[in-house]
Amino acid sequence: MDNIVLLVVLPLLAAFLMPVVARSSEVLARTLGLSVLFISIAIILNVWNQSGQIDSQAVSIAIGGFLPPLGINFYVDQISLFFALAVPVMVLLFWPWNRSTSIREYSLMMLLTASASGLILSGDLFNIYVFYELLAIASYSLVAIQGRAAAVAASFRYLLMGSVGSVMMLLGIAIIYTQTGTLNLAHLSLLAPEKLNNILGLGSFALILTGMGVKAELFPVNSWVPEVYGSVSSNLAALMAGLLSKLAVIVIVRLLILLFPQPEALQLMAVLGIMGVITGELVAWRAKDFVRMLSFSSIGQLGLVFLAFSIPGEMGMMAGIAIVLHHMVVKPALFMLATGWRGSLENLSGVARRSPFAVLLFIVLILSLLGIPPLPGFWAKYLLMVGLSSQDGSIYTLGMFIVPVAMIIEIAYLFRLVMIMYRKEGDEAAVNNPDIKVAPQSHSKWGLAIAASVAAMLIAIVLQLQPASDKLVSLASQLSDRNQYISTVFPQIHTVRMQSIK
Amino acid sequence: MPAIEVVLYSGAIGLSIIGLAGLLLLNNVFRMLLALVILEAGVNLLLILSGFRLAGVAPILLPEQMSNLSAIVMNDPVPQALVLTAIVIGVGVQALGLAMIMRIKAQYGTLNMLKIREQLEFDLAVQSGVATPVSAHSPVSLASGRERQLSNHKDEQ
Amino acid sequence: MNSTSEFVTSEFVTGNVSLADVLPQMILMPLIAFVSGLLMILMYRKIAARLQRRVGPPFFQPVYDIVKLYGKKTQISHGLIHDIGIVVAVGGYVAAVILLPIPGMDGIADKGGIITLSYVLMVPSLGLALGVGQCANPNGSIGISRALTAMLAYDIPFIIVVFGVATHYQSTSLVGMINYQQTHQWGIFEMPLLAAAGLFTLQGMMGKHPFEIYVAPAEIATGPMVEMSGKYMGGLFVMQSFQFYVASVLYASLFLGGGSNWFEFLLKIFFVVEIPIFISFLFPRYRTEDMVRIMWKWPVMIALIGIAFVM
Amino acid sequence: MTVLDDLLLFTALASVAIIALRRFASISKFSVVVYALATVLLIKMSALGYGGEPVYSSFTVNVLGQILQWRFDALSWFFALITLVSALLAAFFMSGAWGEKYCKEHSKEAYGLLQVALILNVLSMLVLLASGDLLSLFIGWELVSWASFMMMALNPDKLARKAAIKYIVYAMAGAMAFLMAIAMTYNMTGSLDYVQVMQGMAHLSNSQIALLVSLYVMGFGIKMGVIPFHLWQAAAYAETPGAGAVFMGAISARMGLYALLVVIVQIIGLTRVAAIEIPYTFLDMQNVLAWVGALTTIIPTYIALKQNDARHLLAWHGVGQGGYMLLGVMISDSIGTAGGIMHVFNHATYQAALFMTVTAVIYRTGTSNFSKLGGLVTQMPLTFMVMVVSIIGLAGIPPMNGFVSKWLIYRALLLDGQPLLFVAAVIGTLGTILSVYKLVHNTFLGQLRLEHQEVREAPLSMLIPMLGLAIIIFATGVMPGVVLDWVAAAQIAVGIAPVEHNLGGIELVQGGLDMIWVTGIMFYGFAVGAIIFYVLGGKSKHIHQYDNYAGGHFLTSKVRYHYSNHFYAGLMHMIGGWYRNVFIKLEHALVSLVSFMSQFSENFYRSSQPVMLVAVVVVLALYFVLGSSGGAEVSAGVSLGGFNQ
């Protein structure tokens, strides 16, 4: 169990070692990166297998033997373990395979892996900040390293937004610290009802939300999304849209549950979520190229996620997790399909004839994204709607009307695209700038395989609805269980104390 | 609150506001980066102050002080550790940003954020092969930008 | 004026009827209708003549006309549908006649009722339309498009009137309505506005002046009759006599209490026909659009007000 | 394994088989056999049609604390019968010559896909009809929508594509309204099971019911194409490939009515609906829905009158006839609902027959444009006969079946005392008569065009289903009791008193209907007419079409002597001004609104100062949280510098 720490340590080491090793042997350096990822996966699978207890209980790992609250700790429960698994797996899936990739990029990928794993496992607010910053630096650099002028400019704009965001987050953390005098999440959680249940607590939540929101594509600090996704390779876009945004969301939700009991915090998230859904889908409706469409659709989906998590109670938690998991697999798959379909939508005229299988996959994926039953996306949306309608507040009612409108807009643009794809070839394929148009290429086999396996996974879930829904319920109940978090980190704290917290 | 603390706090807050204002009002990317530095400095200062005691000593507990714990005023070490980390990270980000600015200057030939954004949009549109989002208000810069872009393409070839 | 539901009881509803009972009626009713219709046509022409200070045709002129038309040598058919159209046009009216109760002969009327009757009355128009369509003459088709438009024009007020009457009597059974009127009071006194609107509609249904432009009897080349020769025209003549009869009996049944005996019945139906005939020659002809406009304006308005009273 | 399991499993396996075998030539015969067998399985459940107990599926799914189950009751059986028979006839229709031509014109693959779309439609409809709770109803609902979309999208024409995309946007809007309603229902009643929801509904307030009813009706109404959601349907169904249009026109849009019957009539109950007063009017919710039905009979019917393409004309009528069904159901007495439900059956028969005739005409002549047709009766007499029988049914004129259901609706309106609705229904019928005459005149009557001189009768594979349908139309017109038996069972299933009927029609003390007698009298009348015409008259002479009165003009094939353009010019002169495309403009306005908001949002994302947004969100968020908590806590909460450990 303790070797969970290796999930952070090994990639971090590899990240620094790789450039050094590459001086002697580039092949060795690449193998180093890959093998670290495989080792990480093996460690997590081992942890999962070895103790069935993780299904119901959580584990806290004190780093270096110093017990919290003084020492720092990693907190491992189903959710964090799942995302910790997702990190190396997805990095592996979207590994920049081609030979021209510089070793620096691999090194940054390892940095990304390490910081992402750390972010999701940390049980300490300051560590979260540090890993978040590392993650940010890794992603700025990964974007900038793509070489194109646009990528650098986009990355710089992203950097400005991101670092102001993290300054705000730091400020928020500082406020929390001055209020409570601790940064350990479990300890904070113990103190939160009396010390953070006030105006300053809310203010700090708003600041942290702003900072984290940059990564989580929260409205309105998400204007970097279309620029960055548009200028980087599909692999990286898939990784950022699929994984990194979700990690930030999960961290926000964890903080929200543990530290901020105020209903205003939820309302704030709901408002921003609604704005994200509607603006994202509206702009995607106008998008003229595939990647931009996906970027804005991603903003919209993240808006849905925030809206879902803003619903108090288990239903919202379930809806949020369902949407997060669903989007986490579907959006990368769509970005993988985008590798062959970069360029104007009009250029995709008739691609269904050339690559029928890819189009079929695309349709399955967007059907699930739209929430068409019985695909998994539907159940997520169903939970969201039920959750929204169970609340009284006017914000939730508004959300209940906005979400369907957004879905209608989404179906309009996605199926407009499908119809273009099924057009007879040569039929009005004219593009405004024929000299600079980008012809659709064939997909990489790897990308298609990812998309196909995601589609297969969706269908498999449909066939196994009952176990899947049970799993979702247990994930949600564990994520929303404050007491379990506290008692895991501080086993010495008596249940009597727990009662008083309740 | 003693006067000196008021001065310190207002200084820190003032720095933050200057930094934020700079970020909002300036168009030159290099100046924006400097404003970011100031903002970070302000916030760091604020953090330090939160752990600062007017007559405090370094938070090192000596054996002879164990008997009289309540009499000692110590500075809080945790904010200092935080700020130390934040400064390191900040420096890293600033260096990264600076490097990016140099690349931007080399490729776009400008440091003006507005022009960079226009050029960026144009580049993205060119990459994806869709029409440029030309605004009626700024036909000149985009048209020239496009020509430059095309000539760049030729240069690369 | 309200509370009429008491009048509608099962005693008015004939039970199961056997074919043998009604067969004589089925044979007699069309004959009676035919003869009365011919007399009505005669009356129409006579009155027209008198109003125009002419002598008018002799008594048997309608019969002569039919015999002449049937005896013609040139009988041009444009195909089977052309023939069937005429058959359906005549047959539809025959069916309508049988569904209309007359004194002593109401065995079958209850199988349909007023709604069925008003739809059966559309069958001849459709049959004629099919027949004319087969002729492949655009003049005929134009005439039919006008005829159908005219049907749309007068049927809307007609249906409103039917609805009002049926609501008033709480029944769609013509027999029930007649029995009630004979024991109580005539419909025209209980529903004067509906009766007035009905009279207006009657004018349109008869296909005579001033709403006859779709038939275009004077300028035959531009009407539905353009390709009708010999027995085709004769068939339509027969149909016209039924048309007069059906319209008048329907009106008499709805508003004038039908007939308790034959004398009263005949008096009523001839009286009913007389009114539109007199009005006919007082007005110039209306174009089809104008007919739609006037039919949708006045009778509809009057009938709706009438309904407001009976509701 | 119950019979329902057998049926669903069989259809599911058959769809898999058809998907797998879609490229084989014998797929058409195979699919005919499949539908025939499925119909046999359905007939094994025919006890349902006469008031038998519901048949449950042994297959259930427990997901998210909600048990999904499937069952068939009399209403589902009735709809399933129509579905399967339509599918059988459509499959038979496309199995022969039509299918070969379709393969030649498009591709074998396209034909296979059409078969796949058909079986998926059937399967999804059966799943929908079998649904035993609101969630499985929704799942079935969406499956039907997407299967229909697949069918529509098979036509590669630009117009068809546009129609399909419009359809799917509308369908999604409907589904979303439905989903919202389900979510609310779940929260209000704590369950989605029919029985429990029904019990829960009793405790809801009128305003809650009003909200639910509006959402449900919006969801179902979009599928039915009622006003103001009627714009999508006609183009979408008309542009579906021939045999597909037969099936879709017959039954697809009726799924909306099925769901409406289940949810609004059975679960919520019309008395609850009628209890909702619309403020500032004399109307209640039920009146409003009835008026929606009435307007749906009028507006689409008169739009149909203006169409110049046979398929579009029929499809618009399909929309209009849906209005009668809604109107009938909304009268809420046993006669009216019987009329509404029975009209589903009747409409399916004549609409399928009409689409078949039009498809046969297209098969032989290549067009359904009125300006390019005419005089086909001499070439295709049987097709013409089928069309005449069907249009009489569509127009609701005795003795065909359409009359019976419309009679029931009129009768119920009379009993209910609804003059304006009655008039509206009749206006719709009259408009139907006008436009069906236009249909039959412009295709079959008038002058035969030169290029159609060689056209032959439709092939046997297409004639057989057409004639079969014609026989059904006539037989159920004469003996409506056969259908009314099933309708009465369906009425019991949705909790309405069954209609009192016999084989010939309705027995009612205040004036009934006996179609056997009415038909008998009509045929007696025609016999009399025939005697007058054939026996009394002399022999007539058959002449050529060009031997015609032409005002001295010499007619040849070069002269187009056929009136089909601006057919009702006089009427249009009168009512043409009322066609203002209000709904189309409304739709455009909505799109413009979305476009405007989209532009607005895009400009937001293009902001040149990224940090501005961060600042804005911080300021706003702080304002939000500070504003929401009040100032008093601020002073209490501020304790900078406190070291609390």
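The letters A, B, C and D name the chains in turn, as written, and every chain counts its residues from 1.
By definition in this document, a residue touches a chain if its C-beta (ideal position, glycine included) is under 8 Å from a C-beta of that chain, and two chains touch if they have at least 3 such contacts.
Here the structure is a predicted model, which is why all the values come from computation and not from measurement.
Undergrad: Tell me which chains count as touching both subunit B and subunit D.
TA: Neighbours common to subunit B and subunit D are A.
Undergrad: Count the C-beta contact pairs for C-D and for A-D, then tell me which is higher.
TA: Between C-D and A-D, the larger count of C-beta pairs in contact belongs to C-D.
Undergrad: Could you work out how far the Cα centre of subunit C sits from that of subunit D, in whole Å?
TA: 36
Undergrad: So the centre of each chain is just the mean of its C-alpha atoms; given that, what is the distance between subunit B and subunit C in Å?
TA: For subunit B versus subunit C, the centre distance works out to 93 Å.
Undergrad: Between subunit A and subunit D, what is the gap in Å from one C-alpha centre to the other?
TA: Averaging C-alpha atoms per chain gives centres 43 Å apart.
Undergrad: Rounded to a whole Å, what is the gap between the Cα centroids of subunit A and subunit B?
TA: Using C-alpha averages as centres, the distance is 25 Å.
Undergrad: For subunit A, write out the residues touching at least two other chains, lowest number first.
TA: 157, 160, 164, 178, 226 - these are the residues of subunit A that touch more than one other chain.
Undergrad: For subunit C, which residues are shared contacts with two or more other chains?
TA: none
Undergrad: Show the residues in subunit D shared as contacts by 2 or more other chains, in ascending order.
TA: Each of 606, 611, 615, 640-641, 643 in subunit D touches at least two other chains.
Undergrad: Quick one: which chain pairs are touching?
TA: So, checking each combination of chains, I get A-B, A-D, B-D, C-D as the touching pairs.
Undergrad: Note which residues of subunit C are touching subunit D in the complex, please.
TA: Where subunit C meets subunit D, its residues are 8-10, 13, 26, 30, 70-81, 83, 86-99, 108, 110-116, 119-120, 122-123, 126, 129-130, 133-139, 141-142, 144-146, 148-149, 151-152, 155-156, 159-160, 163-164, 166-167, 170-173, 176, 221, 226-227, 230-232, 234-235, 238, 287-289, 292-293, 304, 307, 311.
Undergrad: In their complex, what parts of subunit D are in touch with subunit B?
TA: Residue positions touching the partner: 606, 608-609, 611-612, 615, 640-641, 643.
Undergrad: Quick one: which bits of subunit D touch subunit A in the complex? Just the residue numbers, please.
TA: Residue positions touching the partner: 61-64, 135, 138-139, 142-143, 146, 153, 156, 158, 161, 164-165, 168-169, 172-173, 176-177, 179-180, 182-184, 186-187, 594-595, 597-602, 604-607, 610-611, 613-618, 621-622, 624-626, 628-629, 633-634, 636-645.
Undergrad: Considering only the defined contacts, which subunit A positions touch subunit B in the complex?
TA: Counting only subunit A, the residues touching subunit B are 126, 129-130, 133-134, 136-137, 140-141, 144, 148-150, 152-157, 159-160, 163-164, 166-167, 170-171, 173-174, 177-178, 183, 226-227, 230-231, 288-292, 342-345, 347, 431-433, 436-438.
Undergrad: Using the touch definition up top, name the residues of subunit B that touch subunit A in the complex.
TA: Counting only subunit B, the residues touching subunit A are 20, 23, 29, 32-33, 36, 39-40, 43, 46-47, 50, 78-79, 82, 85-86, 89-90, 92-93, 96-97, 99-101, 103-104, 107-108, 116-117, 119-120, 123-124, 126-131.
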